[in-house]
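Can you keep this structure in mind? I'll have questions shortly.
We call the chains A, B, C and D, going by the order they appear; numbering starts again at 1 in every chain.
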Amino acid sequence: METEIVDVRGHIIDSLILPRILDEIVDAGAEYEIQRFDIGRSHDDQSFARIQLSGERDVLDRLLSKLADYGASPPEESDVTLVSADVKGVLPDGFYSTTNLVTEVRVDGRWIPVENPEMDCAIVVEGTHARTIPMSEIAVGDRVVCGHLGIRVHPLERPRSGTDAVFTFMSSSVSSEKPQWLMVQRIAQTARRVRDEGKKILWVLGPAVVHTGSIEAFTWLVQNDWVHVVFAGNALATHDAEAAMFGTSLGVSLAEGIPQEHGHEHHIRALNAVRRAGSLKAAVEQGIIKRGVMYELVTHEIPFVLGGSVRDDGPMPDVITDMLEAQRRMRAHVPGLGMAIMVSTMLHSIATGNMLPASVATVCVDINPAAVTKLSDRGSIQSVGMVTDVGLFLRQLKEALTE
Amino acid sequence: METEIVDVRGHIIDSLILPRILDEIVDAGAEYEIQRFDIGRSHDDQSFARIQLSGERDVLDRLLSKLADYGASPPEESDVTLVSADVKGVLPDGFYSTTNLVTEVRVDGRWIPVENPEMDCAIVVEGTHARTIPMSEIAVGDRVVCGHLGIRVHPLERPRSGTDAVFTFMSSSVSSEKPQWLMVQRIAQTARRVRDEGKKILWVLGPAVVHTGSIEAFTWLVQNDWVHVVFAGNALATHDAEAAMFGTSLGVSLAEGIPQEHGHEHHIRALNAVRRAGSLKAAVEQGIIKRGVMYELVTHEIPFVLGGSVRDDGPMPDVITDMLEAQRRMRAHVPGLGMAIMVSTMLHSIATGNMLPASVATVCVDINPAAVTKLSDRGSIQSVGMVTDVGLFLRQLKEALTE
Amino acid sequence: METEIVDVRGHIIDSLILPRILDEIVDAGAEYEIQRFDIGRSHDDQSFARIQLSGERDVLDRLLSKLADYGASPPEESDVTLVSADVKGVLPDGFYSTTNLVTEVRVDGRWIPVENPEMDCAIVVEGTHARTIPMSEIAVGDRVVCGHLGIRVHPLERPRSGTDAVFTFMSSSVSSEKPQWLMVQRIAQTARRVRDEGKKILWVLGPAVVHTGSIEAFTWLVQNDWVHVVFAGNALATHDAEAAMFGTSLGVSLAEGIPQEHGHEHHIRALNAVRRAGSLKAAVEQGIIKRGVMYELVTHEIPFVLGGSVRDDGPMPDVITDMLEAQRRMRAHVPGLGMAIMVSTMLHSIATGNMLPASVATVCVDINPAAVTKLSDRGSIQSVGMVTDVGLFLRQLKEALTE
Amino acid sequence: METEIVDVRGHIIDSLILPRILDEIVDAGAEYEIQRFDIGRSHDDQSFARIQLSGERDVLDRLLSKLADYGASPPEESDVTLVSADVKGVLPDGFYSTTNLVTEVRVDGRWIPVENPEMDCAIVVEGTHARTIPMSEIAVGDRVVCGHLGIRVHPLERPRSGTDAVFTFMSSSVSSEKPQWLMVQRIAQTARRVRDEGKKILWVLGPAVVHTGSIEAFTWLVQNDWVHVVFAGNALATHDAEAAMFGTSLGVSLAEGIPQEHGHEHHIRALNAVRRAGSLKAAVEQGIIKRGVMYELVTHEIPFVLGGSVRDDGPMPDVITDMLEAQRRMRAHVPGLGMAIMVSTMLHSIATGNMLPASVATVCVDINPAAVTKLSDRGSIQSVGMVTDVGLFLRQLKEALTE
């Protein structure tokens, strides 16, 4: 049985941080004694706790690394431990696994911020720069942060008021039984604030945007500068081209709603036509595609990344078929984002959610509650979900942004 | 092994009636021989088939009763068999179990229509009148149709075009991946036609109408004469009163969306206040309830039936706590209906669906696909489903009806 | 601005009670100052906090009543306020609305326990007895607890270990992605403990028990003394009788799985046959029903309550068609229950969940996650959910109880 | 207005083929006249119809291509039209888009079968060989079938009896309210038949196999020769390695069921360990992975394809990150398959479903009904779905295969 000390400071009671810390300790099989406790006497004061942990050495080591995520660190300050990677694409044992929260590391006695917070990554330090890096991008010789010393994580405290609080109620629990129009208005409000702050809005789109007849509403969003980056898959681009060329989506007429058996040929013919043109941009320029989501993105010069998947037909010539390359392209668009709106695509939503720092306001809209909860279960704690119909949602968001 | 002959006539191939008849025969373990077949040469011609069945006597008897639902009857015409009920609330053995389709019975050599087609009922003949009657309403001495002779059922043929065809595409399969705005417009179109024909529109409402903040949209529908009868349960009236009195629904502020723990007291206090007033009407007159769904129904004198359930708190004084009485009150509103719109209530939707003739255009709107499919699985073949968010649906329907 | 003082004691940090209290205060728009705070120094010690609240009078009043649910009460002790009911079925204004937690009220200087804790009820005091009572059962002259003074509620603290902890992990979040066999074993373990303690196990059953072919597994449970009370609706009894008489459920052969169109007649014929017999018991005695769920209950003399609903066909003669009477019969079975297992019926599960004290271990099994979450959203905090298939669940539970 | 003639022969009424053909004609806006109709007089006889179509030239052309999928072709026989591809990865305009049904093409007056039926592909003819080819694999000069002449498709007729009929009832509609144990037994029966015929069983696995604690059951299936090929993604292999190394899945202890916050590090550490080993096989050989799904596959030398996706962490060194390469590897395993069992993975199920000929018995097991229906909506008509819990399903399948 050994002991360690950690300090934690902040709104640690009403933001549930202290209870969670105590939970972690007990769950890990260790014991604690609260040595000092200065409680914030009123709502605006911070509290401070010094906690002594006792347990087996390896239990304590794991625990210290976990508690760091709650901002609870040993009071004595020390530098991070750096170990050089010895194999390409492989991390040293004992590497520190990141969260998506704001993080600092102590190098040569100075605390430096980690660039691009992203969960499930490692931290590489180069001179006075620290940045997250996914396992697959590690080069031999990269100096990787290991262990738990010299790392400070700033947990999100729950906002009580102000512009961020508008989101809070939506995050409480996922349900379709909520005042939906109110939620749409709050999303519109956040989008406005984000744009006013000069940050970008990312949209992650599934093909239901086309199936539900929402192209017109999305077109309006592009034309009115509410769309700054788009991530999607082959299906969105394909059915969008199908709609532009044949007026159908998965063979269902968007004007009549009548499903046509074997209308599935349409999407194959649309794929072939764009492949012949060479790219979506070329297809737009050659007049093959004259309307739709991709048409708007191309003509408004809005960057997009189309990530492939194993179920793709075709695929569209713009689709990136190598997954590591697709992730690289997506990551390159993360800096500068203020908001991410994910619509009807579990695959791309989780892929994107994995990459975003917790500071990006994230909205996941899906008619399937499982898709919405899955995102937050995977660790995207800043995300809020809305269980609703995509087709009607986009129309109503347009209305809320017009008001 | 015995044999029987049935004739069937109509668009029996392209409305799938003939294949289904052959299916039934084989499924029943009988055999068939098609003795005559005059196929409609083009799309507008009727076809005719005479089919000989062979099998055990009891198999044939069951089969004849089934085939009658498809309009396939023995060519020789005979009167129905009538057996007097000997026990209150109990049918004679061998009673004919009804469908919700237009049905005729032959009494004294004349075909008379059965009033109020309703599924899972019996048919009682009194003089030259025939009407459906649920098992629980049978009186001793009622003359009940038994067996399968002398019964003609007119199956719904799938509409190809015209005003009814607008519904067809929606019935094909239940999915959230459909052009939703188009569907809303089709529902609006049907509502217009029904009202123009002088028929009534029934709404069946679940409490999600309140939870999703849709009171305002529904209010508009009442005020603009799109609502002629309402069926609901205690929960709708309770949370509507809660919203009128406290601004919350299940304790969630409808203006702020913030769920308040223990806000559940609100609905209990609202129930108590209306119980003290004596009825919803009295609560409106006494100024206790000044807005909301029930307020609009009371002030516009729109009839409503609130059917109780075993999970009710309170309940509201207007709630009918005896289920057989609730069914009687609901049935009384069925004649004259042209359309039924069911919103977010599986219990009341199925209860209502059970009572409606197949000729009433029925729309079931729910975010849960299971609720939507359950209705048609239970035999309401004329119902179409829309998997969508109720809150946004009502707002958009208002928009579609305004256009 | 006025002030009040409340004290709270217990494992108030790691059971999240203190953070929730502070939440409530801030949400209510009041302010707090923590005047004294004795933190439990190690895991087994209790903590104590004295909190001063400031705010408008009416805010404080509402807040005091809410905080009482967390066991936070004014330090000075006073008796409850009792107000006599003046109208049958109506509570005095300002009545105290109950939780399902263990509650005490102070009458004439003595704390007395409230019998039958049930949420959304009132408390009536008669001499030295206090009991919960639903609004509809209030008689003129009943002395009803009002306000918030003299009421002590004992919040559930999260179990850390021992027999109750087996449930904890299941309550964390509802998902189908959990180790299911482990969960079945934990449920079996709890059932064993409950039976060993001489308490009863209540089953709440939906008709899916029949549809999914689980009669055999449930029969085993009855025969081996794992079923002590059953609540269900008309549908369960009807389809069970249909299965016993025709071998089908909703017209689907349980031996072959082949859905038979118009097999729906079977359930109507089964209903008629049992109505003719006069009761399920009579139908069993007359040899009309020779197997199935109801057969086992009747022959093993296990009490059951069949609550009606507005969508019932028939109904079965044993079905209680008046909802208030059905609730009374169900309530009568609550004392002595140690566990409730709810299987595939949202309606009856919520009805039952409303009545159970928080001390009854409650398991809700449904393939629809919404049904599972709805129960806990409605306030049944002691309930744990399992999203799984009912048919396979019952077979596996049998296996787990056999081990 | 032009006219065309098609002939169709077979059980075209009771297998619904004729009604569907007439549907297609009317939906396309064309008209028909049935010129000859020889109806099968009894259940075992084939029927024959000769249908004259009238309509615009382009309508007729599209129609002829659609009708070919139902086996309705012009009576006069002609060779297929072959057009050489002029661009790599692009098909000639007017290419014939394939179904997954058995297909023949007429080349030089002889009907030759098309190898590897797969939907949404083209047909390339080389000498006397015809094979399907996906768009992306087309080379310049490939001779591609265009238009609709000289193509014969053999539609699946619904089996009435015998070993294949066991599947029929399951395909009728997707619902959790079915006799599940019966369905498990039917799946076991089909697996037995397929293995007896010397064909292979493919499993497509999602990570829920690990999350639900089903490794043990799947291990049994591998050890008893019920698993011959496996398709999965990075998540399955990752969480399986996590379970083998840490006893958790997504950080949830599989022995205790307790979710551990930050247990997500486990899967990252497992990924890193296997990446360091170089492959799953190496990790098994080095004793890093000593149990689990991948361990069994490696030690029993069962081939597997792990297809990457854009949301992958790591990924595992065996994961194929290029999607076109992953599809190629999967396709290589299709010949020889008799059955495919898809468990809890929408992405990989659809990817696989796209590749399978209609003759492979396909079972899709998922607790999400949408996942199950999506597969058949995408055109995998031979697939049957079972909405159930994966964890309990695999345990029960083991039991059914043991009997």
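Going forward, a residue touches a chain if its C-beta (ideal position, glycine included) is under 8 Å from a C-beta of that chain, and two chains touch if they have at least 3 such contacts.
For clarity, every value in this text was computed on a predicted model and none was experimentally measured.
Colleague: Counting only C-alpha atoms to place each centre, which chain is farthest from subunit C?
Modeller: D
Colleague: By the contact definition above, name the pair with the higher C-beta contact count: A-C or C-D.
Modeller: C-D
Colleague: Distance between subunit C and subunit D based on Cα centroids, please, to the nearest Å.
Modeller: Those two chain centres are 45 Å apart.
Colleague: Can you work out the whole-Å distance between the CA centroids of subunit B and subunit C?
Modeller: The separation of the two C-alpha centroids amounts to 32 Å.
Colleague: Between subunit A and subunit C, what's the gap in Å when you average each chain's C-alpha atoms?
Modeller: 38
Colleague: Quick check on subunit B: which residues sit in contact with 2+ other chains?
Modeller: Residue numbers touching two or more other chains: 23, 173, 258, 368, 370.
Colleague: Which residues of subunit C touch subunit B once you look at their complex with the stated criterion?
Modeller: Contacts found on subunit C: 20, 23-24, 27, 65-66, 69, 87, 89-91, 93, 95, 97, 119-120, 134-136, 233, 258, 260-262, 264-265, 268-269, 271-272, 275-276, 307-315, 321-324, 326-327, 330, 346-348, 350-351, 354, 368, 370, 379.
Colleague: Okay, in this complex, where on subunit D does subunit B touch?
Modeller: 13-16, 18-19, 22-23, 26, 31-35, 37, 39-43, 160, 173, 175, 369-370, 373, 377
Colleague: What part of subunit D is in contact with subunit C in the complex they form?
Modeller: Listed in rising order, the residues are 168-170, 172-173, 176-184, 186, 208, 211-214, 249-250, 252, 254-259, 367-368, 387-393, 395-396.
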